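Note that chain A is present in both complexes that follow, paired respectively with chain B and with chain C.
After this line comes the complex of A and B, so read on.
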C-alpha cells in the first residue's frame, strides 16, 4: 500500500476510555481506500465503538474520552477529525454509517431516502431529488421492489429491504467512507447475500469498514481483515 | 385464569365508573341549571353583564376573563416548557439535565397558594410599577403566575414524550449529519407530538380550572376587560365567590351554567387536541 495515496483512514496511538475502563489501547492502523476492511473479534471488545470513533458518533452518548489521532482523507485532504475544525455534520455525511438493526425513520420509503438531501436543503429541485432517490434505490437493488410503493411507510418493508433502504439513505449523502456495524446480523441468509453483493459493488465509490462476526462472510467479501482483542487491533 | 378474569372485570368496572362519573357530573349541572336554561334566559346569562342590583346575571365577563387568562398562561407556558424540556432531554449535559428534571418535579408539588403569595407580594407590585395602570391585579399578573404554575406539569409531559422517541431514530438522523436542531424538528417533535399535545391539554385544563391564582391575582372585577392590564374575574373565581349565596337565588343558579361552560370548554379543547393527535405520525 502506498501510504500517501491509498491510505483513507489512519489511526495513530488511538486509545479510548469509558470512565476508567480502557476500551482501545494505543491502536495504530491504516485502512485502504476503495477496500472493504472487516473488523472481527469477540463481543464487547470495542468494535462498534471503533466505528463510532470514525464519525464521532460516540460523542452523542457521552461518558467517553479519546486520546491519539484519527485522520481521514476527505475531499483529497488528510483531516485530523478531532483536532482540525471540520464541521461535524459534514464529517458525518462524508463518513456514513449503517447500523446492526435497520433504522428507517417513520416516514415513507421516498422520504427516508431523500432525508439526507432535506438536511442539506437540497430538496427544491424535485426532479433532481427523484432521480437521486431512484439511483440510490437502484444501487441497492431495491428500486424494482419498491418503485410502486415509494410513498408507503418504510417500516412495512422486510428486514433485508429496510437494511438496503438504510444503505441507500446513507449513499444519498455521497459518503467517502461507509461504516457498517454488523449489517447482516438480523437478516436471513438470502437477504445477507444481497447485502454482501451490494457491498462488493460499493467498493468502487466508497471505502467500507465493516464489523462482522461471520467468518464465512469475512472470507467472501473482505479485502483486509483486522482483529480487535484486548483493545489492540491486529492485521490478519 | 380466574384471577385474570377478576382483574379484567375490576379494570372494566373502574373505566365504566369513570365514564359514568363524567356523564353524571354533566347531567347534575344541566339539571340544576335547568331553571335558567329552560325559561329562555340562557342568552342573557351567556352574553349579559353581571349586575345583581339590576337583576342582571350575565357571565360574559367571566367567560372572557377565563379565556384571556387561560390563553395568556398557555401562550407563555408552552414555548417555555418546550424549551425547558428540550434542554433537559436533548441538549443539557446529563447531570445538569437530571438536576433540572428533579427541580421541575419538585415544583409540581408546591401548593398553588404559595404561587399566589409570590404573585401578590412580588409580581403584582412589579406589574403595577411597570405598567403604571391600576393596582397590578390584572389578567397579566394572573396569566404570568398561572403559566408558572402549569409549566412544570407540561415540562414533565414534554420530557416524557421526547424520551419516548426511539434512540435508533435519533441515532439514524445523527449519523446522517443532522444537527441537534434538525434532529429536534425532523425526528423528536413529530414523533413526540401526541404526548406534547396531551401535555398542552393538561396545561390548558389546569389553567382554565384553577381558582386560587385567579382569585388572588386577577382582581375579581365583573367589568368586561379591555386590556391585559385590566382586572377580571374567571368562571372558577366567580363560582368560589358566589357559592355562599342563597341556594334559591338566581345568582346561585348561574353557577351551574358557569360549571357547564367550563366543562364544555375543557371538553372542546380535549376534542380538538385529540383530533390533532390522531393524525398518523410522519416527519414533515
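After this line comes the complex of A and C, so read on.
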C-alpha cells in the first residue's frame, strides 16, 4: 500500500474508554481506499464502538473518552478528525453509517432517501432531488421495487428492502467512507446476498468498513480483514 | 397458584375498566338527563335570535353564548401562551440538560404541578394589583391575566409531557439523523419531535382540559357573571366553569339549576370540540412531516 495515496483512514495509538474501562488499547492501523475492510471478533470487544469513533457518533451517546489520533483522507486531504476542527455535520456526511437494524425514519420512502438533502437545504430544485433519489435507489437495486410507491410509509418495506433504503439514504450525502455495522445480521440469506452484491459494487465510489460475524460472508466480500480482540486490532 | 393469580389480575383489570367507564357514562348521563328540559337555543342565546347573535354580534342576555365565547378565547389564549415555553422547556430537559441541573429542574416542575390552582389564582390576583399600581392604572383583572395564570398552571403538564415523550424514544432513533450529518437542532425538530408528537399531544390535551375546567384561577383574575363576549384581552369575560359554579351556589329556582346542568353539558361539548380540533391539527402536522 502506498502510504501517501492508498491510505484512507489511519489510526495512531487509538485508545477508547467508557468510564474506567478501556475498550480499545493503543490501536495502530490503516484502511485502504476503495477497499472493503471487515472487522471481526467476539461480541462486546468494541467493534461497533470503533466504527462510531470514525464518524464521532459515540459523542452523541456520551460517557466515553478517547486518546490518540484518527486521520481520514477527506476531499484529498488527511484530516485529524478530533483535532482539526473539521465541522461535525460535514464529517458525518463524508463518513456515512449503516446500522445493524434497518432504521427508516417514520416518513415516506421518498422523504427518507431525500432526507440528507433536506438537512443541507438542497431540496429546492425538485427535478434534481428526484433524479438523485432515483439514482440512489437504483444503485441499491431498489428502484424497480419501489418506484410505484415512493410516497408509502418506508416501514412497510421488507427488512432487506429497508436496509437497502438505509444504504441509499446514506449514499445521498455522497460519502467517501461508509461504515456498516453488521448490515445483514437481521436479514435472511437472499436479502443478505443482495446487500453483499451491492457492497462489492460500492467499492468503486466508497471506502467500506464493515463489522461482521459471518466468516463465510467475510471471505466472499472482504479485501482486508482485521480482528478486534482484547482491545487490539490485528491484521488477518 | 400462578394461574389463579393471573385470573385475579385479569378480573381486577376488567373490574377497574368497567368501573371507570361506568363512572364516565354515569356522570355524562346524569348531566344529560338533568339538562334535557333546558336544551334549547334559548339556553345559549337567551332572548336574542341566534342568527343575530352569530352574524351581527348582537349582545346576548340570559344565555350562555358569552360564556362559551369567553371559554374558547380563554383556553386558546392560555394554551397559546404556555405551548412555546412548555415545548421549549420539555425539549431542553429531554435533550440538552443533564446532571444536577436536569434533576433540579425536573423536581421544580413536579412541585409546580402540585401547586393548588387557588394559589395560582391568588398569585394572578396579586400580580394584577401590582401591575395596576406600578405599571398602568388601566390594568384590572382580565382575560389576559386569567390566561397568564392558567398558562402558568398548565406549564408543568406541557413540560413533563414533552420531556417524557422525547425521553421514551428509542436510542437507535436518536442516532439516525446525526449519522447523516444532522445538527442537534435538526435532529430534535426534524426527527425526534415529529416522532414524539403523540406524547406531546397528550400534554396539550391535558392542558386544554385543565384550562377549560378551572374555576379557582379565573374567579380571582377576571371572570365575572355578566361581561358579555370578551371585547379585548384586557377586558373582563364570562366563562362556563365560573357560570356553573355561580349558578349552582346561588340559584333562585329549579329552572336556574337546570341551566347550570345545561352549562355543564355545553362545557363538555366545548372541551370535546377543542380536543378534537387539537387532535386533527396534530394528525395534519404528522402527515405533513411523514409525507404519506
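The working rule: the second predicted complex is superposed on the first by the 236 of 236 C-alpha atoms of A that agree within 3 Å, B and C clash if a C-alpha of one lies under 4 Å from a C-alpha of the other, contacts with A are read in each partner's own complex, and residues count from 1 in each chain.
Keep in mind that, in the parts below, a contact is a pair of C-beta atoms (placed from the backbone, for glycine too) under 8 Å apart; a residue touches a chain by one contact, two chains touch by 3 or more.
All values reported here derive from a predicted model rather than from experimental measurement.
Asks: Please work out whether A:97 is in contact with chain B alone, chain C alone, both, or neither, and reply first, second, both or neither.
Replies: In the superposed model, A:97 contacts both chain B and chain C.
Asks: Looking at the overlay, does A:75 come into contact with chain B only (first), chain C only (second), both, or neither?
Replies: Neither partner.
Asks: Let me test your reading of the model: by the given contact rule, A:105 touches which partner, first (chain B), second (chain C), both or neither?
Replies: After superposition on chain A, A:105 lies in contact with both partners, chain B and chain C.
Asks: Would you check which partner chain A:55 touches, where first means chain B only, second means chain C only, and both and neither mean what they say?
Replies: Touch partners of A:55: chain B and chain C.
Asks: Touch check for A:216: first (chain B), second (chain C), both, or neither?
Replies: Once the two structures are laid over each other on A, A:216 reaches no partner at all.
Asks: Looking at A:152, would you say it contacts chain B, chain C, both, or neither? Reply first, second, both or neither.
Replies: Once the two structures are laid over each other on A, A:152 reaches chain C alone.
Asks: Of all the chain A residues, which ones make contact with chain B and with chain C?
Replies: 55, 57, 60, 88-93, 96-97, 99, 101, 103, 105-108, 111, 115-116, 118-120, 169-170, 173
Asks: In their shared complex, at which residues does chain A touch chain C?
Replies: 55, 57, 60-61, 88-93, 96-97, 99, 101, 103, 105-108, 110-111, 115-116, 118-120, 151-153, 169-170, 173
Asks: For chain C, which residues are in contact with chain A within the complex?
Replies: It comes out as residues 171-183, 186, 190-191, 194-195, 289-292.
Asks: Taking the complex as given, what residues does chain A use to touch chain B?
Replies: Answer in residue numbers: 55, 57, 60, 62, 88-93, 96-97, 99, 101, 103-108, 111, 115-116, 118-120, 166, 169-170, 173.
Asks: In their complex, what parts of chain B are in touch with chain A?
Replies: 93-94, 168-179, 182, 186-187, 190-191, 281-283
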